[in-house]
Structure formats: C-alpha cells, structure tokens
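For reference, the structure discussed in these notes is given below.
The letters A, B and C name the chains in turn, as written, and every chain counts its residues from 1.
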Amino acid sequence: MKRVYAKEELCLNCRLCEVYCKTAHSQSKDIIKANKYEDPEPVSRVTVCGDKMLSAAVNCRHCDNPKCVEACITGAMQKDKKTGIVRVDEEKCIGCMTCLAVCPFGCIKTGKFAVKCDLCCTEDEPACVKNCPNRALVYADFGGKG
Amino acid sequence: MSINYIPRRFTVVRDKELCINCGCCVRQCSNECHYYADDGKTALVNSNACVACHRCVDMCPTGALRIEKYVCDYRENANWTPQYQQEICRQAATGGVLLSGMGTPKPYPVYWDKILLNASQVTNPSIDPLREPMEIRTILGRKPEKITVEKKGKSTVEMPPQVILETPIMFSAMSFGSISLNAQKSLAMAAKNLGTLFNTGEGGLHPDLKDYTDCAIVQVASGRFGVHKEYLQNSRFIEIKIGQGAKPGIGGHLPGEKVNVEVSNARMIPEGSDAISPAPHHDIYSIEDLRQLIWSLKQATHNEKPVSVKIAAVHNVAAIVSGCARAGADIIAIDGFRGGTGAAPTRIRDNVGIPIELALAAADQRLRDEGIRSSISLVAAGSFRCSADIVKAIALGADACYCASAPLIAMGCHMCQTCNTGKCNWGIATQRPELVKRLNPDIMHERVENLINAWNHEIKEIMGGMGINSVDSLRGNRLMLRGIGLTEKELEILGIKHAGE
Amino acid sequence: MMNYVIVGASAAGLACAEQIRKEDKDGRIILLTKEEYLPYSRPSISYYLKGKVTEKDMLLRKPSYYKQTGIEIVTGAEVTAIDRKKKTVRAGRKSYHYDKLCLCTGSKPFVPPMKNTQSKENALTFLDLACTKALKKKANKDTRAVVIGAGLIGMKAAEGLSKICKSVDVAELSERVLPSILDAKSSKSVKKFIETEGHITFHLGDTVTEAKSKGGKITSVVLKSGKELPCDLLVLAVGVRPETSLAEKAGLEVNRGIIIDPGTMRTSDSDIYAAGDCAVSVDMLDGSKKIIALWVNAVRQGKAAGSQMAGGEGATGGTFAVNAIDFYGMRICTCGLINAAGDKYSDRVIQSGESYKRLIFEGNRLVGFVLINSSENAGIYTNLIENKTDVTTLSGDILGTPSLMWFDKETRKSRLKGESA
C-alpha cells in the first residue's frame, strides 16, 4: 500500500505538515478557522519530532500487523482489508488509549477519541505530503502488504 | 548597552488576525527575528535583525507576515545620504572593512536597458520557432585558423578540443564553501539535464558530485584550493581565475568557521583554517607566466581539455583579453562589475571595474581587429537578468554567457545581500547543516532547469523574430542592436547605431 | 476439512477464530459463547454503565461479519463438558465435534466469603454485559452504592455509578487504590483526584464482612472496621479468577490457570489449546508464570493459538502487562513491572502539577512505567521494554516525551520505514 514516508535529512522542522493536517481534519477545512477558532480544536495527526538540527514528521505507519488494532478493546481500531488504512471508528472508540500505549512509533494522539492518521481518506496525496515545502514527505508504495 | 547609531532597515509586520501561531517563522528565521512569548505559543517579532530575505513571508501558511521598509527620515542631503552615514557608523563601531554579498546595488547604468533589439518586417521573413528548427547549440573552444580538406572532402585539420553546449547559458563559478553543497549539486544536476556546464569555483570538487564531472568547469584560482590531477581531469574544461567582476584585484577569504570537514576535504586545507585566496596568482606576473600555466594545465590533461581564463572587466580589458588569447587561452570569460559574489569589500564591489556590456564590445572588437577572434571563445558574465540580456550579449559578441544570480534566485535567493554572514535562510550561501537541508536538490534542479528552458524558448522566439535561425548567426551581429539614450561615445564603444538610424 | 471449535468468544476466542480463517480458508470454525450476545467489548461495560456507548457500538464486529468470514457463532451455548476421546464438546443438548479445540473461557468473578450476600437481588458482580444491564436497571439517583474492591473493575464500576448514584463507597482490603497497576505514590494522588472528581468515599484497608438485609434485599453493609454503610446496591468487584472448571473436568493440567506450552499454545492434550485470561502466561520481564489478564495478551494468545491450530507457526512474542485507563479525564497508562522491588531495580520520577511519570529500570533496561496525564508517545516506552533496549544508547532525556530522535540513525531510518521491534 501507499504510505507516507518521511526523510529526516530534508525535514525543515517548519511543521507546516501539522498545520495542514489539522486543517484537513477540521470541520471548516479553513486554515484560519481550524487553527484559531474551531471548538473542539482539531488535532494534527502528524507530529514533527526533533529540533532544527534533526527532525522528522512522524505519522502512522499503517503497519501490516498493527499493534494498536490488537490492543483495541472495543474493535474501534481496524485495518481496512482493501486499502490497508488503519482507522479509528469514532462511534466505537471509548478513548481508553491502550492503542497509544502499544504503538511503537508514537503515532496516536489523545483526543476525545484516539486520533491518528487516516491518510486523509483519499487516493490523492495526503495534506501533509501535498504541503511539505521541501518534499521531505513522500507518498509512495515501498512494499508491505496492504 | 551602547547606542545603536543605525536604525534598522526593515519592519516585520505580523497580521494578528491571520497569524495562527504555528511558529513556522520562529523556526525558520536564522536571524532570530521571530520568537515565542513566555507562554511558548504566541509568536512575536523583533525586526532589528531582519534582512528582508522573505523566508518567513514565503513560508507563512496564512500570509500573515509582511516586510516593510523601515522609514526613518534623515535630514535631506543629496551628498551625505543615509547610506553613507550608516556605513560610517558601522565602521566607527567595528573599525573593519565593510563587506557585502551579491552584486552592486548602486544605480550605475545598465546598458542592456539602453539597447533595443531588431525584428524582421516585410523585407525579410521572421521565423516561427515552434514550426521551424531553431538552433541555439553553442560550441566553445579555439577554432582552427583555416580548414584544409582532402580530396574526398574530409577535413584534415586537427580540431582543438571543443565543448558543446545545448544552450548559450552556463552557470558561473560558485565555490562549495561560498554556496552549500546542495546548491552546487542542484546546479550540477540542472547542467547535466540541460546539456550545459556548472563551475566549481575555487572550492574544489566534492566527491558527491563525481557523477557530474562531464558538466563541470573546474577552476584553478590563486589559492589553488582542491587542485590536483584528478580534479583537472574530471572536468569538461579548466578555468584559470584571474579576477572576479564583483571584486577585481582582490583575493578571497573564506573564514575558518565556514571550513567544516566537507569544505576542508574539497579544498584540501585543514579544517577550521581560513581559506585565503591571494589577490594575484603568485606565479603569474606577466602574460608569459599565464602562458606557462595554461600550457601546464593542458599538459596535465593531455591537451584534451580547453583552458579558459576568467578576468574581471577592468579599464584596459580589450588589451588584456588579447594578451590572454595570445597566451594560449581557448576560452576567455569576462566578468562585469555588476556580477555577484559571496562576499566582497563593499567599496570594491561598488566602485571598481566596468560594466560587462562595454567590456564585451571592446574586447570582441579588439580581437576582430587583430584577426584573432576565432582563436578563442568569449564568455560574458556579470549579471544577466533575463533572456533578452543574453540575446544582447551574444549580439555584442559573446559566444556564451555565465549566469549565477538568476539561478540562485530560482533556488530561493531574495537578494538580501548578506551571503557573507553565512546565515542564508534559503540554504544557499551557508554551510550550517540545518539551513543547507532547506535546499532540496531534487526540487531546485527542476526550478533551475525550468528557468533556463524558459529562457531558451525566449531566445528562440527573439531570434525567430529577427529572422535568424541559429545562434551562430546572431553572434557579434551588432546590426540587430540599437542604442537608446546613449552618447556618441557609448555607441561607439558598443559598436552599435542609435535607434532610428 | 478440519473442524475447529472455540469455547468463549471474547478477545482471545474471536482473535483465534479470525487467525484460523486467515490461515485455513476452508476449515469449519465454530465459536461457542455462553452469553446471549455476539462478541462485544467487555472492557466497555463501564462506559455502557455511564451511558457513553450504546450496546450496538460495543459489538466487536458487525453482525454480518461472521457469515461473511464463515465463522459459525453460537450464542447462549455454555459448554459443560469435553469428551476428549470422542473429541466432542457438549453445550446444552447439542454436541460439537472438534479436530482442534481452543479454550478461551476467560475469567469468572471472585467473590470472597462474606455473610449474607448470597443471592440477594441487589448484590451484583460487574464483569459482563448481562450483569451491567442489571446494574444499570437498579442504579438511580437515590441509590447509595457500595463497591467492594478498588482494582480496575471496582474502580470502573465506581466511576460509572458515581455519575448515576447518590453516593458511592468503595471498600478495599489493600491500603491503596488500583494496587495492580499503580505504585504506592501515584495511587495516592489518583485516589485524591477520584475523591474530588467523583465524590467517591474510600475505605482502604477495610472490607465488607457482612450485609444486613430485609426481604432478600441488602439494606446496609458492615465493614471489618466496624463501620456500617447504608447500601441499596452492592457491587462485588474484588477480583477475578481464571475460569478453568471446564478444563479441570476434562482432566487437563491446571494450576492457577490452564497450563499451556507458550510455544505451541497446547494444553496437556495436544488437540486442545487455550488462550486468554484462563491460560497461564510467562511474563517476559521477570520470567514468572502467571495470569496476565489483559486484552492485548488475550488477542495475541488467541492469534497464536489460532495459527498453531491451523498448522501455522504463530507465536505470542513477549508478554507483559500494559494498561491504559482513564478516570474522570485523568489518563493512566502503566506497563511492565510497576511494583518491582529489590536492589536490581531503580527508578526515576518526574512530577509536575497533575502529571506524574515514573520509570522503572533493571540495570540499563526499562522494565516498567507509570504515566499519569503524561502518556504522550507511551508506546515508545513500551517498545523499549519489549525490545530490552539498552537505554544508555538513547540520546535525549528519557524522562522527556519519548521521541523517534532518541534512536540512532539506522533505527530511525527503519522506524520511518515502518519496520519496528
């Protein structure tokens, strides 16, 4: 499946991926409303970790054998058999955050529910990739079954 | 704190309504103009160090930032302008030579803007470059004096080494050290894809660029940094740098703090030591000495590579060019005084040398008059801002043009003229790893290629309009040029008629 | 064609069935559950109690899923006997033939002996949906509830009830709340937080010894300390024990739980497997054999058993405790050896405001953590424990937010590619 891959040698630590992810996962889809006024505040699913010398945008690997899915006590976290996307069913999720406790990449964030990358639910490039100013994020299929 | 005698130059204006406090500006400004309030969330601005590089403006996702000129009026004085007063204050504070980057910003006449181009009407047809072949392939190198052929028509002349370019535009010398490896690599990649050449400057050739030696011009300058046999052999041609348009008569100085491991390896000097290029080559004190060096370099490369001599455009440029030609140079590059630099003493940059237009016209004429024009190729350098400047230069006699500032602008340079500080926010004129990585060669080579391809299209368009289908027919074709608002003397030197004539 | 029978349809049973289907497309899979519901999320019952989720949302899979994947699920089928010779299991009047059998019988509530609590209509356990529904029916705004036990189940019941009932008292024999997942220090602050947020009264180091009743209904309880609490609803949540009666009856080897070979998931009968809370696991951190009653452990064991039953080579990998839970918005995440004692263990603590972080080390290895309101990227800690990473090889402050940047370049590269652990 296609996944988002981060290249740390090109990451600028500008964190625009976070801004655009937040916007893409907001109600209004408007960058200013999403980042300033929306309540509840949208959560970015991608996180740039590191500092100006060394950084990388970390987000869900959509693992072949996802630990978060194993650990999910409600069946809310599922890996889509067709697309390979690991998604949270917000109706089912009770926000216990066991998924967070087992994700070895640190890709799940706390919100009302478990919040994580859904690859923007599109065939196109996800917002983080589309808006990375230095092509430090690429959306590509480097193997791994879906 | 002592009094700051110099008002700041710019004000960064943050539109609070648009700012989402994402902090991108805070993390991007190497001059630390943007910072967080104590809450760690609210972005604030301190404009004092702003150089108007526009990194924050261009990166801001909501367009919340604007840079304004900081207007602080001095009592009007046409002689003691604010700039001179400020420079005096700066020197009063430091006691040092003023340094600047990029080409001179002073309003000297730009002759390109006073030269107009011709087009065909009725008496001869113009050509549509989209429908008919249009040749801009350019060949550099010494041409034989005469051609002899055997009976079947095959040439029996032994051709000196030639360099074929798919465009008359090459990238001028910018050393690794003055610019980042990523910037140089972007140029190398673009040169390879465009079928032209980039120039290593005097910084040696970094091993990462070994795949690009076919399109590298390697420089031998007064410091002889990074010069060894393989360096000379791994090139398309060799260039002896005598002078640079932005700082004629001056050597170079790369401060030790910029000489990191990579730079030190490429230049073959100890890490952290200052890289000082002497003002003269200490083995060249005459044309004869130059001849000897040219000969040595040719020997070192089995006479397989042309040797170029690059000089700054100075007063008696024509005679010097003639001397260089006679010393055995195959290519002579003349660098006009508006040319750029990574760092030059401001006074030199703004006052020494002459414009490329006049130098080029004079040199071309002199070589023709002496009947040795075809023994060398002339490369013009020193600020080409658009394709029309290139066309005019070729019509004035250039075989090809060196461009540097334009591709740098394509890579993000905003002419903030602070290359010498090493804090280039665009990752160009810096060796700081956190800044260098901002310049992704995979993106930038595409942008540079786009620029040169666009210029190629325009050159073809202009040539077609003139009814010319080959750049060879344009070369030295001064009938295609007319001056406007120029004096008799200027027209005479440029060798062109006035508009209307 | 193989006949697979699985007894119990919660985490382990369902994972086992799914794994068999993954590796054996044709085999017949029969999933037997004594409950009246399709597989649902048992840990969600406390959220059901406080009305945060509906019954439908608790289902682990859509009802149509089982038909689509060819898993025959039988509800209301309590298996009462295994005939190991004939290879059948009996549930009610029906019997099912198996080639491979997996026992995923889970736990049963442990009810300590106390006087006068048997078969009282307002004394309930809190383990499955049925008893939660009963509890919900009985609880109202005038109810004075008493919960016995301040472990995960008791505390979750108390939290749920505190939103409905007039008052909630919790009696716990131990000196602290959540003794299995919290260390002494953090349990103190958690207790305080829950007292203020939930208006719950704790009686620690104390327990109910006797109930007073009237007409089959408990009216008050007497504590060991002599206190008497009025009680309209008594929740028995002292703890759970592995449900092993079926295995014992069938003559399988059982001690605290069903004994299995951790490599093959087999019980003492090579055609009978066991997985989940009813089976004994080996804690990879200290090598002890114990019951690790944990969702993720049950899923992994179920998967491994399923794979082994279908002839595959699935294994559980290292097992250790990981718990994440929240009370009134306070997030608790703990893992590994939380109450490790002895010279070979050391710990580091950072505390500020409402957040608390304690890391437990054995030499240079992380072996446990307690995170309260500081669970950001906790999975990275878990991974350090699982991989037995030497923490001195990490750059950055281990008490800070766990980060990819702690690792060396090679590790970072493989992590960014998605190769983990």
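Definition applied: a contact is a pair of C-beta atoms (placed from the backbone, for glycine too) under 8 Å apart; a residue touches a chain by one contact, two chains touch by 3 or more.
Remember, it's a predicted structure, so these values are computed and weren't measured experimentally.
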item: Contact-richer chain pair [A-B vs A-C]; value: A-C
item: Central subunit by CA centre of mass proxy; value: A
item: Distance from the mean Cα position of chain C to that of chain B, given in whole angstrom; value: 70
item: Inter-chain centre distance, chain A versus chain B - centres from mean C-alpha coordinates, in Å; value: 44
item: Cα-centroid distance, chain A relative to chain C, in whole angstrom; value: 28
item: Footprint of chain A on chain C - complex, ascending; value: 11, 15, 41-44, 47, 52-53, 57-61, 295-296, 299-300, 303, 322-326, 331, 333, 335, 375-380, 382-383, 386, 402-405, 412-413, 415-418, 420-421
item: Sites on chain A touched by chain B in the complex; value: 9-16, 18-20, 31-32, 35-36, 52-53, 131, 133-136
item: Complex contact set, residues of chain B against chain A; value: 18, 20-24, 27-28, 59, 61-62, 433-434, 437-438, 440, 442-443
item: Chain C-touching residues of chain A, taken from the complex the two chains share; value: 3, 5-8, 49-51, 54-56, 58, 61-63, 67, 70-71, 73-75, 91-92, 94-98, 100-106, 108-110, 142, 144
